[in-house]
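In what follows, chain A forms one complex with chain B and a second complex with chain C.
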Partner chain A sequence: MCQQKFLRVTYYKLLLGAIAALALSFLSSVALAQGPTPTDDEVNRIAKQLYCPVCESTPLDACPTEACRQWRDLIRTMLAEGKSEAEIKQYFVDHYGVRVLAEPPNRLATYLIPAIAILLGALLLFRGFQMWMKPSKARVAVKTAQTSAPDPYVARLEEELKKQK
Partner chain B sequence: MTETSIPAPRRGVPLWAQIIIWVFLVGLLVIVALGLQRRQQGTVQPGQVIDNFSLPLYNGYEVDGKSDIHLADLRGKVVVINFWASWCKPCEQEAAELQQAWTEYDPTGQVVFLGVDYVDTEPEARVYLKKFGITYANGPDLATRISQYFRIKGVPETYFVDQDGVLRYVQIGPFPSIEAIRAQIDPLLE
Partner chain C sequence: MIANFGSGVLFITFLVTLYSVFAAIYGERKQIPALVESARRAMLLTWPLLTLTSLILIYLLVNDHYEVQFVYEVTSRSMPIYLKVTAWWGGQAGSLLFWSWLMAAFASLVTLRKWERDREFLPWVIVVACITLAFFIGMNLFFESPFKQFYQTFNGVAAYSFKPADGVLFRPEDGNGLNPLLRHPGMIIHPPMLYLGFVSFVIPYAFAIAALITNRTDDRWIRLTRRWTLWAWLFLSFGLVLGGRWAYDVLGWGGYWGWDPVEIAAFMPWLTGTAFLHSVMIQEKRGMLKHWNMLLIVLTYALVIFGTFLTRSGVLSSVHAFAQSAIGPLFFGFIALTLIVSVALILHRWSSLKSETEMTSLLSREALFLLNNLLFMSILVVCFWGVIFPLISELFSGQKVTVGPPFYERATSPLFGALMLLMGVAPLSAWAHSTVKTLGRALWKPTLAAVAITVTLFFTYTQKIGALIGFFLIAFVILVTLYEYWRGAYARQRSQGENVFTALWNLTRRNRRRYGGYIIHLSMMLMAIGILGIEMFQRETQGTLKHGETISLANYELTYREIAQWDDLPSGVNYRRAVLDVYENGEYLGQIAPRIDYYYDSEQNMTIPGQRSTFRDDLYVLLVDWEPVGESGATFKIFVNPLVNWLWLGSFLFLAGIVIAAWPEKETERAAVTAGARLPQKQTSAAD
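Entry: the complex of A and B
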C-alpha cells in the first residue's frame, strides 16, 4: 500500500518535471526567436541613414520629435524580430517613400546622369579655353602678309606722292 | 602705318556649345522656379477636381469588407478626408468631434469620412484610434502619396470633397467644435 503511494508520488513528480522541462524549452525557443533587445547603437546605425519627412534636414538618430521616437521604436522592434538592415530600410521606403533615405537608392541613373553632366561640362570648358588661347588664323595671315610683302597699290601711291612733291 | 582690317572670325565658345549651356541654364532656372512656385502654392485649392487615389485600410477599419478604398468609387457622396497622426497633439483636439460627426452622418449614407494617417507607425496609430473610439475608415498614407497630392502643410488638415469630386473647403488645423464640421457638410447635402 505504502509502496503504491510512493510510486504514485514519484510518477506525479516525474510528470510535473516533464511538463516544466517542456514549458522551459518552449519559452527559451520563443526568447531565442525574438533575439536580445537591440541596443541604442544598433538602432541608431540604421536610424542615421533615414530622415523623417516631418523633420526635414534632421537625421532620425538625432531627431527629438515624437514621430521620430516612434520610428526608432519601430526599428528596434524590427531588429528584435530578426529583420535585416536592408529589410528595415525597404519597409520605411515602402511606407514613407524613397525620400526618407539619406542616400538615394543605388540606381544607375542616379550616378550616371550627374557623371555625364560633369563630363559634358568639362568638355565644354576645355573646348572653350582651347578656342580662347589659340590665336585667330585670319589675323595671323594678315600680319604675315603685311610684313613679308607690302601692298603694291600702297607702294605706288606713295611713289606718286613723292613725285608730286 | 597701314592696317588692313579684314574681319576675323569671332573667337570663343562655338555656337553649339553656347546653345547647350543656355538650354542647361534655362532648364535649371525652370526647375528652381517650379520648386518655388510649388512651395508657395499651398494646399490644393477649392474648386479643383480631386484625382482618384487609393487608401489601404487598417484591419478593422475596412469599408464593406474591402481592404482599400478608391475616391472614384465614392462619387455621389460627400467625402471628408482628414489627415492626422498619432504623434500630432492638435489632432487629438478634434478626434472626438470628427467621430461624433461621423456617427451623425453615417446613417444618411451620403457622407463618407476617410482618415489618412500621415507618417505614422501602425501600433501607435491603433492606440490612437482606440483611445478616441474612431470607427470610420482609416489607413496609412503609403509613401506619402496622398499627402503629396494634396500638398498638405502639416496635420491635422481636412478636405471636403463634394458629390462631383470637387474640393469645396479646406480646414487647416483642428476643428474648434462639431458645429464647424457640420457647417461645411450640411450645405453640400442641400
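Entry: the complex of A and C
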C-alpha cells in the first residue's frame, strides 16, 4: 500500500517533471521541440560548404581526421540548437577565418580580374581579326581566287559525294 | 659511403651538362663543328650518368639504408620491394631526380635523330635541354639532395650532405614509410606519366627557341616537333586521367577532381599545350599566327616548370611556406628568366614572324581555331587566378582565403560549353573561306538530331537546364563527328568499292591526323558525359547502421551484413572491412565491401571505397566510422555517381585517338618534313 502510494507520487513527480521539461524546451528552443537530432545528411550538407581549417583544401564533409569529426559534431549540435546554416558558417568564419569558406567572401574581387582578363583577350582577338581582314578586302577579288579554294580533301570528298548522288 | 658516391655522380652530371651548354654555344659561335659534336656527346652522357645516380638511390631504397634522409622519409621495412623502388618518386628530392632522368632520356632521344638538314638547330636544342637539365640537377645537388645522411653531432641528429667534423653517422632502425595514399597502383604510374608529359614538352620548346635564334622562323620547327608534341600531350593527358582515377579510388570523397592547386598545376600546361596543338595547324596550313605559336610553347614550358615545382612542394599553402622553402624563389627565378629570354627573342624576331596570308572570313577554320585558343587561354586565366589568388590575398590583406570548386565550376563551365560548341562547328568549316550558308548546310542535320535527343532526354531523364545544354552539346559534337566519318566512308565506299569497315579503316589510315583528331573529339565527349553525370546528378547520403539494417539511396538499398578486422603484419597494415548486401528495387545485386586500411608505420588511415560500376551509374560506398565495442554499428557514406564510367571509357578511346594521330606516317609526311617549306600540294596527303 505504502509502496503503491510511493509509486504514484513518483509517477506524478515524473509526469510533472516531464511536462515542465517539455514546456521549458518548447520555450527555450524551437529546434528541440521539432524533433530528433539532425541526420548525417543535414550535417554534411553544411560541412560540404566548409573547408577543413587544418588540412589543405579538404572539404569538411570528406575529411577523415579526428579534428574534423569533432567539427562535424559541432555542426550537429548547433543544428540541434536551431542555428541556421548562415549562423553556423558565420561561427566557423569567426573562429577560424574566412579560409574555411569554399570561396572568398568578396566575390567581386575574385571574379572581376579573370573576367577583365578574358574580355581583354577577346578584344585583342577582335582587333586582330579586324587588322587581318582590312588589307584583304581591297584584294579580296584577287585573293579569293587563290586562297579560298576549300580544303582540297573536302573538295574531293564533296565531289565524290555529288558524283554518287 | 654509397650515398656520397651518388652525390659525386650527380655532381659530375651537373658539370657535364654545364660543359655541354658552353661547348654548344662556343662551338656554334666560332663555327667549330667538332665542339658542337662534343657538346652533343656530352649530352648523350647525361642519361647514363643519371641512370647510375638513380640506381644508387634505388639501391639505398631497397636495402633499407635509413641513415639516408630520403630513404628514411619514404620507405620502411614492411614495404614490398616494388614499392621501395617506386618510392624513388615518392618525395620531393627523388622526384626531382626522376624528372632529370626522364628529361635526359628525351634529350638523348632527340639528339640521336638524323640531323643533316636541321644542323643549325642542333646546338641550340642542346643548349635549351642542357640548361633545363642543369637547373634540375643543380636543384637536386644543392638544395634537395636525395643523398643527405643523418649525423649525430653535439647539437643532435640532423641530415647533412657532407660529414660534419664532429659527426657520427646515425642510422634509424626503421623508416617512416611511404604515404599510404601513394602506395596505390594509380599513384605509381600517375607521376611518371605526368612527368613524361612535362619533360616531352621541353623538346618542342627547345626547337622553338632554336628556330628563333637561328631565324629559321618558318614552320619547320613545328613539323619537326609535331609528333613530340602529340606524345607529350598524350602522356600529360593520361597522367591527368590516372590522377583522377587514383583520387576516385583512394581519396574517398566520391569524386575524381577537386580543383586542388596541385591538380590545376598539372592541368595548366595541358591547356596551353592543347591550344598549341590546334593553333600550329593554322601555321602549317596558312602561315599565320607565328608569334602566337611561339608564345604558346614558351608559356607551356614555363607552366611545365611551374607545375613540376607545385606538385611536390606544397608552397602554395601560404606565402610563408613559399618564402621558407629554399627552392621556391629559385624556381620562380628560373621561370622568370626563361620567360624574359624567350619573349625577348620573340620580339627580336618579330618582323620575320609576320603572317604570310590574311584572314578572309570570320567563319573560316582559322578564325574558329583562334576562338578555340581564346577559350583555352580564358580557362587558363581562371585557373591561374584561382591558384594565386589566395597568395595575393594573404600578401595584401593578410587574409587567408580558399578558392574552391564553386569558383572554378562557375567560371569555367560556360567556357567549356563554348569549346564544345566550337568542337562541333569547326571541323565542318573550311580553311580560309566559310560562310553562314555553307556552314548551315553542313550543320543542320546534326543539329536537328541533337535537338531531338535533347528533347527525348527532357522527357525521360532530366529537366535540369544546365544538364540539358550539356547533353545537347555532347550530342551535337558526337553527331557532327560521326557525320564527318560517315561522309568520308560513304565517299570511299562508292568510289573505291570498299565495304564499310575497309572504308573506315582506309579513311582513318590515310588521314591519321584528321581522323585521329576526330576520335579524340569523340573521346572528349564521352568524358564530358561522365563529368556532366557526376557534376549534375551525384547523390549522397550518410547513415549509421546496425547489423541487418538498411539504408537506401536512389534505386539502391544497402543492408549492413558484417564487419571484420585483421592485421596483415608483414605489410604493417590493419584492415577493417565491412560487407553490405546491395539491392536495386528489391532485387539482389551482390555485395559491396568498403575498407579502412590503417598503416602502422606512417600512422595513417586510408579509406578504400566499395564500388559497383555500370555505365548507368556507380554505387560508391565509404566506411566512415565504426565503433568496435558495443552495438552502435558502423557509419557509411554512400554516393550514387551517374554516368561516371563514361569518363574512363572516354579516356581509353582518347588514347587510341592520339596513337592514331601520332603514329608515324610513311613517305608522304617525311617528304613534307624534309622538304622544309610548306608545300601546298602536300597538304592533301598530310590532311589535318
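Quick notes on this structure:
Heads up, the rule we're going with is that the second predicted complex is superposed on the first by the 93 of 165 C-alpha atoms of A that agree within 3 Å, B and C clash if a C-alpha of one lies under 4 Å from a C-alpha of the other, contacts with A are read in each partner's own complex, and residues count from 1 in each chain.
Assume a contact is a pair of C-beta atoms (placed from the backbone, for glycine too) under 8 Å apart; a residue touches a chain by one contact, two chains touch by 3 or more.
All figures in this text were calculated on a predicted structure; none of them were measured in a lab.
When the shared chain is aligned, chain B and chain C each come close enough to touch A:Gly97.
In the superposition on chain A, contact is made by A:Ile113 with chain C only, not with chain B. In the superposed pair of complexes, A:Tyr51 makes contact with chain C only, with no contact to chain B. Looking at the shared chain after the overlay, A:Asp40 reaches chain C, while chain B stays out of its contact range.
Once chain A of one complex is fitted onto chain A of the other, the partner contacts of A:Gly82 are absent, as it touches neither chain B nor chain C.
Look at A:Ala122: by the touch rule set out above, it reaches chain C but stays clear of chain B.
In the three-chain superposition model, chain A touches both chain B and chain C at residues 97-99, 128, 132, 136, 151, 154. Touching chain C in their complex are the following residues of chain A: 39-41, 44, 51, 56-59, 61-62, 64, 69, 97-105, 110-111, 113-114, 117-118, 121-122, 125, 128-129, 132-133, 135-136, 140, 143-144, 147-154, 156-157, 160-161, 163-164.
On the chain C side of its complex with chain A, the touching residues are 251-254, 258, 260-261, 288, 314, 317, 355, 357-360, 362, 365, 367, 370-371, 374, 377-378, 381-382, 385, 389-390, 393, 399-407, 411, 430-433, 487-488, 490-491, 494-495, 511, 514, 540-544, 605, 607, 624-625, 635, 637, 683-684, 687-688. Chain B makes touch with chain A in their complex at residues 2-4, 6, 8-9, 11-14, 17, 20-21, 85-87, 119-121, 123-124, 140, 142-145, 148. Residues 52-54, 65-67, 70-71, 73-74, 93-99, 120, 124, 127-128, 131-132, 134, 136, 138-139, 142, 146, 151, 154 of chain A are the ones that touch chain B when the two sit in their complex.
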